[in-house]
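Two complexes come next, and they have one chain in common, chain A, joined by chain B in the first and chain C in the second.
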Partner chain A sequence: MFVELNNLLNTTPDRAEQGKLTLLCDAKTDGSFLVHHFLSFYLKGMGRIDAGVNLTVARERGQLVFLEGLKSAVDVFFQTQEEPHPLQFLREANAGNLKPLFEFVREALKPVDGGEARWTYPVLLVDDLSVLLSLGVGAVAVLDFIHYCRATVCWELKGNMVILVHDSGDVEDEENDILLNGVSHQSHLILRAEGLATGFCRDVHGQLRILWRRPSQPTAQRDQSLTYQYKIQDKSVSFFAKGMSPAVL
Partner chain B sequence: GRELGMLDSLLSLGGLVLLWDSVEWEGRSLLKALVKKSALCGEQVHILGCEVSEEEFREGFDSDINNRLVYHDFFRDPLNWSKTEEALPGGPLGALRAICKRTDPGPVTIALDSLSWLLLHLPCTTLCQALHAVSHQDSCPGDSSPVGKVSVLGLLHEELHGPGPVGALSSLAQTEVTLGGTKGQASAHILCRRPRQRPTDQTQWFSILPDFSLDLQEGPSVESQPCSDPHIPPVSKNARARTRKCSLGSGQRGEHKSCRGW
Partner chain C sequence: MAAVASCGSGAGSTGSAVATASKSNVTSFQRRGPRASGTNDSGPRLVSIAGTRPSVRNGQLLVSTGLPALDQLLGGGLAIGTVLLIEEDKYNIYSPLLFKCFLAEGIVNGHTLLVASAKEDPANILQELPAPLLDDNSKKEFDEDVYNHKTPESNIKMKIAWRYQLLPKMEIGPVSSRFGHYYDASKRIPQELIEASNWHGFFLPEKISSTLKVEPCSLTPGYIKLLQFIQNIISEEGFDGSNPQKKQRNVLRIGIQNLGSPLWGDDICCAENGSNSHSLTKFLYVLRGLLRTSLSACIITMPTHLIQNKAIIARVTNLSDIVIGLESFIGSERETNPLYKDYHGLIHIRQIPRLNNLICDESDVKDLAFKLKRKLFTIERLHLPPDLSDTVSRSSKQDLAESTKRLGPGCGMMAGGKKHLDF
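Right, the complex of A and B next:
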């Protein structure tokens, strides 16, 4: 979890808003550091992890449910089909919808009978949504899947969603554009990591644009968007205003 | 003055009003402000809710307004994945037709939240036929019973649709409002088409108050003037946003024509 990013977003793990969808988007760069931030952010917010974040421990406690898409994709071909599989669409000539995948998500969010509550509110993190397009699912079908997840996770269970979508950039990809724009319109917060237009730089790794959308109440005038540049270091990410990299000053 | 009130009086013309928003300039707040205005005028107001929950849509309205809103829920289970009998029969178009078979002759406003969702899930021709029938209901020939004014407000996300559907919807609309802005200040570019008159356009600066009242503001406005070419088709197959020659007060309209996410 990157404390500087929390400061920019004006949030902390113990006072995160609920019922929100955050879109992470990367263009000409790797936005996975944002995924790692939010995974750590929400696991810390569960309040039971004292020192750092241990994904193995979280998984053992049932706080982290992980669908390994790659492994699952192989299973769907080499295992007998006894009941609907989350990646059922891989077996079908025309992948109609992602209902089985949604049902897997909904099942995973159900409270375990007896025992301690695994979380105060659920968080669904999708890394990454663009892969579904590559596997032959249509953009509208993916948007429908996200819609149903949002209705369950954000509205019904008052949890949060974090979704990573890649921006194909200059490559014409109509389906990906529809997917990216469609999820953008459903989002409350968009974080867009972009590579520098001038190319690789040792001290500035990219630019982060932050857009707040869909406030519960409209405000007369507000800063909707902010833009920062960033540098990824060993265990942290530093953010600074454009042109204000410490290496430059 | 009268010029400042164009956004305020959108619904007085009736017919189909398209509300174009973008990722950067969301349009639901303006949709809710117009819905509130209709309710305050004593109209029946129906919401076809596909994108947000009923609670979220009603948030910010007081009880007087909420009591006048009829919310048709297509958010929880729009595709009937739960296979319960709770799904509304006939889907959104069925609901639209049912609203129009009303016996109450008073004026009605129907808010489609969103028309983009409908356009992504229904054939464009079917949707256009339904919109044409609904928004021209008060001028239907052969119908002896007088029917009040029908206003249909459709929220559209400009980045999601190609030039074909955009052109089809524009040709049906009496009014088109395109949201934009600069430096945190929102603007609405309003294009009005009245029968037997040249289309007019105006840019209106505005903000929406926490109670969803419209606060019209003076800004770098442009005098209302006839628009030389009311319907300009997109020039590029990649142009997902609509392009127009009409001048824009903010000068920012071109920036979100690139339509590659945000």
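Right, the complex of A and C next:
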């Protein structure tokens, strides 16, 4: 979790809003640091972690359910499965729908009846939705999946969703554009990490555009948008206004 | 960081050069590394694997790509469990050389090789590998070591010394004597080395003749066969940690040539919206899944300049870990450009992964060129020649100014405009 980014977004782990969909988008750069931020942000918000964020511990405690696509893909591909597997679509010639995947998500996020609640509200973090397109699922099927997830997670369970989608930029990937547009119209907050237009720079790794939206209401008020530039360091990311990089000043 | 854990637990064994380089605190992203039999260690303890070293940045286990200059650009080497994708140059002249250097490095280090090709028989590919550069004094020792290779104990430390023939212009840090070797492109690798090595070949025309009994799925049959072959080798030879009785761990180097070309049965190079447009991306995804759970590293060469649908190239790039593009000057207008007269082509590092870390070892220099001299393949930083004389003619200055515009961003030189200002 990057404290500077929390300040920019005006949130803290203990008083984060619920029922929100956040879209992370990266164009010509690597947006994985944003995923890292949100992962540790929400884990911190669970309130029971002592110092730092430790994924193994979180997983053991049941707070973090991890579907590792790569490993599951190998299992699905090489062994015949009896019961429906979340990544069933990999075996199908024409990838139908992502229903098994949704069922898995729904099962995982169901609050446990009785006993201690695992979490105050569930968070679904999707690292890289664009990979689903590469695996043969159609853009409409992916949008359906997101819609179902949103209905369950954001509305029914009052949780949050964070999705990462790659922006292909000037390469014309129609399916990806459909997906990106579809998800951005449904999201409350869009964080867009872009590489600098002038090319690679050692001191400024990219630019982050933050856009707050209200998808349910028509655009009566203008959406608020901010732009910052950032530099990624070993353990954190520092943000500064455009042109105000410490290397320049 | 299970990848380092498997190597780090052997730190107490004899002669191990690998210290526990991993940080003790867990970073927030855990790489699912190869799961070694760490729990029941009643058998022989793990020894460090020849030809590997941990990365200084994130503790990942690295292998050399066969070109020390390229290792330096990639932050030390190729991490185990990752895919190195090489976008072939237009006439496929230089990418086979990188491919062969990778395989030759595997033979020299005693790694197991898996060579897959649809065009050439892997046995022929191995015959054409470049010879490692040796110091004359130690050549006798080297020969002896080769004959001793069959005995299981002694093949960990092969005493191969190399000599710097021509120092590449890139600054190279101290290279361990067991990591990274120089190769002589004009000579063939000695036959004894090939025979002493453990390799598996996948030649598509041979494998595809048998009838295929698998349910229809949108991967082309060639890819399915290749994935099954790779998975068989990994599980049979215990690269995924499934066979704890094996005495020593080894690395599997996989090399796949011309992936995506029509010879593999894929039509992405022929048609823009073919019937199998997801075949290649699915293959890469499952392949990466296999690699992440085993001690292997993979090099793939792909003729991306032939792929009709540019969106597929973007997806393929996202699905690979390291992507390097080779652009040769042959046949292009740059061949006669005075700026490039010493070089054979440009090398573009398009993507480097961030494994277990927020940042990666991106090199500051983005203008890199390669040249194949009589023996060596070198990668150098491209820079403008100094303009020293007073009487340089105006036309040549114009040419240089035009050339500077074509340089990629990141070059620190001033790009001159069309007018030349005299001071």
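By our rule, the second predicted complex is superposed on the first by the 236 of 249 C-alpha atoms of A that agree within 3 Å, B and C clash if a C-alpha of one lies under 4 Å from a C-alpha of the other, contacts with A are read in each partner's own complex, and residues count from 1 in each chain.
Convention: a residue touches a chain if its C-beta (ideal position, glycine included) is under 8 Å from a C-beta of that chain, and two chains touch if they have at least 3 such contacts.
What you see is a predicted model; the values in this text were computed from it and never measured.
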Query raised in the report: What is the contact status of A:213 with respect to chain B (first) and chain C (second): first, second, both, or neither?
Result: first
Requested in this report: Would you sort A:225 into first (chain B), second (chain C), both or neither based on which partner it touches?
Outcome: first
Requested in this report: Could you tell me if A:202 is touching chain B, chain C, both of them or neither one (first, second, both, neither)?
Outcome: second
Query raised in the report: Is it chain B or chain C that touches the larger share of residues in chain A?
Result: C
Query raised in the report: Which partner does A:172 reach: the first (chain B), the second (chain C), both, or neither?
Result: both
Report task. Would you sort A:99 into first (chain B), second (chain C), both or neither based on which partner it touches? Result -> first
Query raised in the report: For A:25, is the partner it touches chain B (first), chain C (second), both, or none of the two (neither)?
Result: first
Report task. Give one of first, second, both or neither to describe whether A:185 is in contact with chain B, with chain C, with both, or with none. Result -> first
Report task. Considering only touches as defined above, state whether A:148 meets chain B (first), chain C (second), both or neither. Result -> first
Query - Interface residues of chain A shared between complexes with chain B and chain C - result: 172
**Report entry** Touching residues (chain side chain A, partner chain B) in the complex
**Finding:** 25, 27, 97, 99, 102, 140, 143-144, 147-148, 151, 155, 165, 167, 169, 172, 177-178, 180-182, 184-186, 190, 192, 209, 211, 213-214, 216-225
Requested in this report: Would you pull the chain C residues touching chain A in the complex into a rising list?
Outcome: 25-26, 28-30, 32, 215-218, 227-228, 231, 278, 281-282, 285-286, 288-290, 292-293, 310-311, 313-315, 318-319, 354, 357-359, 362, 364, 366, 408-410
Report task. Would you pull the chain A residues touching chain C in the complex into a rising list? Result -> 30, 32-33, 36, 39-40, 52-56, 68-71, 73-74, 77-78, 90-95, 128, 130-131, 133-136, 166, 168, 171-176, 198-202, 232-237
Query raised in the report: Once bound in the complex, which stretches of chain B touch chain A?
Result: 23-24, 26, 28-29, 51, 53, 55-56, 59-60, 75-79, 81, 116, 120-121, 157, 159-160, 184-185, 207-210, 212, 215, 238, 240, 259-262
